[in-house]
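Before we start, here is the structure in question, set down as structure tokens.
For reference, chains read A, B, C and D in written order, and residue numbers begin at 1 within each chain.
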């Protein structure tokens, strides 16, 4: 009883970088629909019966805000996604429109720090902040976060990166420790941090848990991991595992355990949403392909020939479609095939996991944990702080974590 | 060093019921090729690096024999399979022909006890034993097994059921305990045991480990489990998990853990070998479909609409081909799809597991274990003595078993 | 100019048997949306640029009515289909709701004549007419048709059978000529005609063109073909070719022309709409499977092993999904594979063809043609009056027909 | 009777450029097996029953020779292909080995004229002719062709280009007419012709029919078409249509005729033979992808978004595997999908067509025809002299050509 009272009182701020994106708007719609009892929590790991006993934050306790560099808000973005991909129920959209509008008032202009062409092409908000140094950007972001926290009297504030994928960032000396990074933040050039890490720095430095849904760098730098530990803040990443790679992470262990030799694994992904558009830029795509390809060698114990493509096909909109062809050798040298096609709605696969990760980050914070939440490996294509890629084993890590209270 | 000496001396008899079948002849060819160093142990679980420390029986120590009701032998069966399905390497076949011929001398006429039409159609051996009572059949089988053991001075003799699938058998009172079964064995009718269980009784009663590769009853009857414990013999079954069902057993847990609701799961299997021909009989097929369909509800925690078909398409020969269509619901009610096609060579998927199971049964016997080897659940579609169907968890059971020496 | 005036004046009645079904309601919605300029004529053959010069009836000239045995109307049926299968645009539905309501006033209770269980289960309309003899049923139907024609001052009235598939009907002596059929219509038993043919008789006898979208008998009986010629009425059928079979009818000629030998052709269809539910009854399914399977032997010139299944999987609703596996032999005996999966929305594939066929039947009537419209073979799985199954060649027949004015 | 006598006497030389390749060696094996009655003519268009009355050259009348730049011969190439891809029957290989060896004596070192890196990497024959000018190369080639003709007393000599695909060649002024080309042939630079056209020039100029199986330029240049007409020689090309594109050429007309709007068409090809290896070079691949992609716009009448990839996956060897995803819009804007996977053995699909084309070229020569054989469009991805890409209509062109004798 007391528990319920406490829960009801807890207010959780969810600050989404990329607030006008497909994942963000679906998360907003989903939280509103859950709070109104209009939809079951399908797709949410924290809603599984076996985790029922946990004091996870209720949808009704969530307040949303975020940064974006494009015009728009939670509601227009949700409507646009629906118009193009036909993914929502009209009635749910209508019933939740008011909530999305209210939360939209909390969206602030994003920061772009040395963006590449693909990102620049998106930034149609006139008030986007062009920071001169990383430090300037950090200050602006922290001001927004703190204002949000105060205005809404939040018990937790979790920052989630759901912004467009940025190109790979080469780590140098400046990122090796917090000590070396701090002075570099004051210099206009060379770029001490990619944009995603600027946001991550701002969040962690201000004491807010940070979760990275994307293959962008975010908090995955020695200096930022350092920062997280020093400030006592939990964080997790990177790149949500929602489709083809998720399937890979249960099939590859199967081949390994049965001693069937994978000769080649080809995966072709096609999608047509804005994410796909940004990934159409070879630079930005590089981050993604790397993240999708790396796990096979780890799971199999050797490196078969692999091929991963991800291409923008406009008509598919949010319907990410993948074909995987797995060629393997069995007993006496016989060559056999397993092929699969995945037809999933990308934003609707990601959004429930965003809610899960916010709940789990808030829980970790209440438990007083800091640094990488390696028990969240099952959520990510490139799990930070974990070498395990086998989904089954990763899930056991989550179960064990939740079992010990 | 001493270990190696002991290993080299150990002789393992592998007695295959269904000796002229695809699985049996592939197992024979594989063992000969392994012993001659002509092929790597791809597809063998016991050959995985992580199990390297175990004192598993070497291929060179195997001696083969078996029962069948059709004319033919290991060599003719292997050649026939190759002619139809183009699965072996001509050079391997030639190099091992002599070994297969030698072992073929150990094949004895099988026993058919109240066979149905599909089985009767196969029995072209004129010396097939038509037993009047189960007891008569048991005696004949035991005589063959004991003679084989003596003639080849075997350290182990493992009996493997790789015979055609028989129709389902309804368990009644007579099969509830060994006590009740014994008198019933003397009666010509009603059939106290299906044919597969007659063989299983003979093996267990004579103290030989028994492994059931098929969906037929075999040792899965209270009276026979009783017998195994009383005689101190290990046994395992039933229905090897080699294709579509294997894939199911890693995909279904994925949906469960991600809280994605499976709406329907359709699986269509086509194959063209003799196994497929026998399964074309609705009676015999019933056993198989049940075995392929049952695990979903257990793995998901609820029963989605399912459909499993298995049809005989002659041109496919040993190339079992399956299409699975999985329809599932994600967040906010969105419906998505995963489809896969499996193109596997059935006998070559099964044979290395036969060798694994013989090795593991022999190991269990050396360890003094008796009764159901429930740690072998990962090998079977309908694992006896285990409720776990998740392949990953089943495999952990094997790893744990092998870890404790 | 004069032409346009004439066109504008022409009023075409479309009477749909099965008026509350998926195909019927989609046709109604489509016609309303076309008349209102809300949708392009995608999927309509008569709207192809190469046929632009023809005086086809405009959507605005259509008036709809029909028979059904279930409660409901065009609007409720369209809404139900949308709720289950998410196939329409909400805005189109809203804009056309009024038209559908207006037309719904023209729906009359259907006739069931010796229905089987699957059909009986549907008939929840209390005023369904249970005819004692075929003649009684014919009279009731003709009264409805004539009243509709008069009330709406129609220039044409085309009757379309889009009712649930009925079981196969065995043709006997009574159906061999009109002469023999007429007295049999007066007898309560044995059934001189299946229900679909009762409707067909009523239409043709009253001088209204008749088109059969379904695999049911309809006008495909010597006696009814006789009647059509005598009354000077055109008719066509049977079983619309909209999905898997359509693809078959272009792929099979490819194999034939390249002299690639089809070894086996397996086609598994799954669907979840009411049509699928009725087809779940083995009797009703038999008509469909026959229609889907027959064309291969004709197209290839020999009979490969074939397998066609059609199963009800509720979650798929109107999304008919099919997997076809084609195994073929090439040069030097090599075996190869082509597989395809079809994911189509059944009612939306059928509806534009309904409009096409009504337009083409009205055209034929204006041209003074009677009897089977064999030039419409490309529309049907089992084209009446044509042995050609090659879609390309069938289409040429249509082009040639339309070329000669 | 007299006809048969004439046929038996006719000797046809088949000169293959790329004689040690997969297509060439399969053609050789196939011709030997056909002549020996060891295999049926499956896959050969000229062996279709409807063309039975034609005086096509018998396999027994063929003599093979050719150019290549790699070591090897018909027999070693056939064995290598079999070892890697397991495509032939061991017995056929053994029975025909002698024939292949005999023909191998007719193989001469090829000519490379300004090769790119991918081609240079192949040329391991030490006696490959490095020509200084196109004219030098032409002279060398013609000497080989004439010597072959004389030595074997050939009635026909047909030159077939089955060499590796070369990069695209930009056509300039020198290739616009024979008049302008002739002086350019004497100049070392710039390259007046790509290698494939050097061979084509040599053949046509010497009066030998020429067929281009590849996407390389070959005879497709105004100056060479001029030459063919002047010398009175028939020729055909280019790029055999054997797999994914073949299927495209029957599916695209289906969508067009049903007025279903193709939104996007994605085709991913993977293969692992030497052809695939050469195509792995972006330059050489460019020729192929262009050839595979062009036909869609022509067939549909508009340009949907398309994507064609072709990638080298070693383990697949000769088994070309393709996945095509076709996204299309139907009535009322509904989006639907057709997907197919093609698993074909590339050399075995091509070889019977090589025999067909030689037979048809010889027939054309006997009929006194010269210039482009546009009636052979159905064989090619980029048919020279024809704009029709619809396989059905292309095939009608062949039937009409053969009907008029």
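Simple rule for what comes next: a residue touches a chain if its C-beta (ideal position, glycine included) is under 8 Å from a C-beta of that chain, and two chains touch if they have at least 3 such contacts.
The chain lineup, named per UniProt: A, B, C, D = Inositol-1-phosphate synthase.
Computed from a predicted structure; not experimentally measured.
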Pair joined by the larger number of C-beta contacts - C-D, B-C: C-D
Chain pair repeating A-D, as identified from C-D, A-B or B-C when over half of the contact pairs by residue number coincide: B-C
For chain B (Inositol-1-phosphate synthase) paired with chain C (Inositol-1-phosphate synthase), centre-to-centre distance based on mean C-alpha positions, whole Å: 50
Centroid distance [mean C-alpha coordinates] between chain D (Inositol-1-phosphate synthase) and chain C (Inositol-1-phosphate synthase), Å: 45
Set of chain C (Inositol-1-phosphate synthase) residues in contact with two or more other chains: 86, 337, 339, 341, 343
Sites on chain D (Inositol-1-phosphate synthase) touched by chain C (Inositol-1-phosphate synthase) in the complex: 26, 29-30, 33, 39, 41-45, 47-49, 87-89, 92, 246-247, 250-251, 253-254, 257-261, 301, 329-334, 336-345, 348-349, 351-352, 378, 390-393, 395
Touching residues on chain A (Inositol-1-phosphate synthase), where the partner in the complex is chain D (Inositol-1-phosphate synthase): 86, 263-264, 266, 268, 270, 305, 307, 309, 311, 313-316, 321, 323, 325, 327, 335, 337, 339, 341, 343
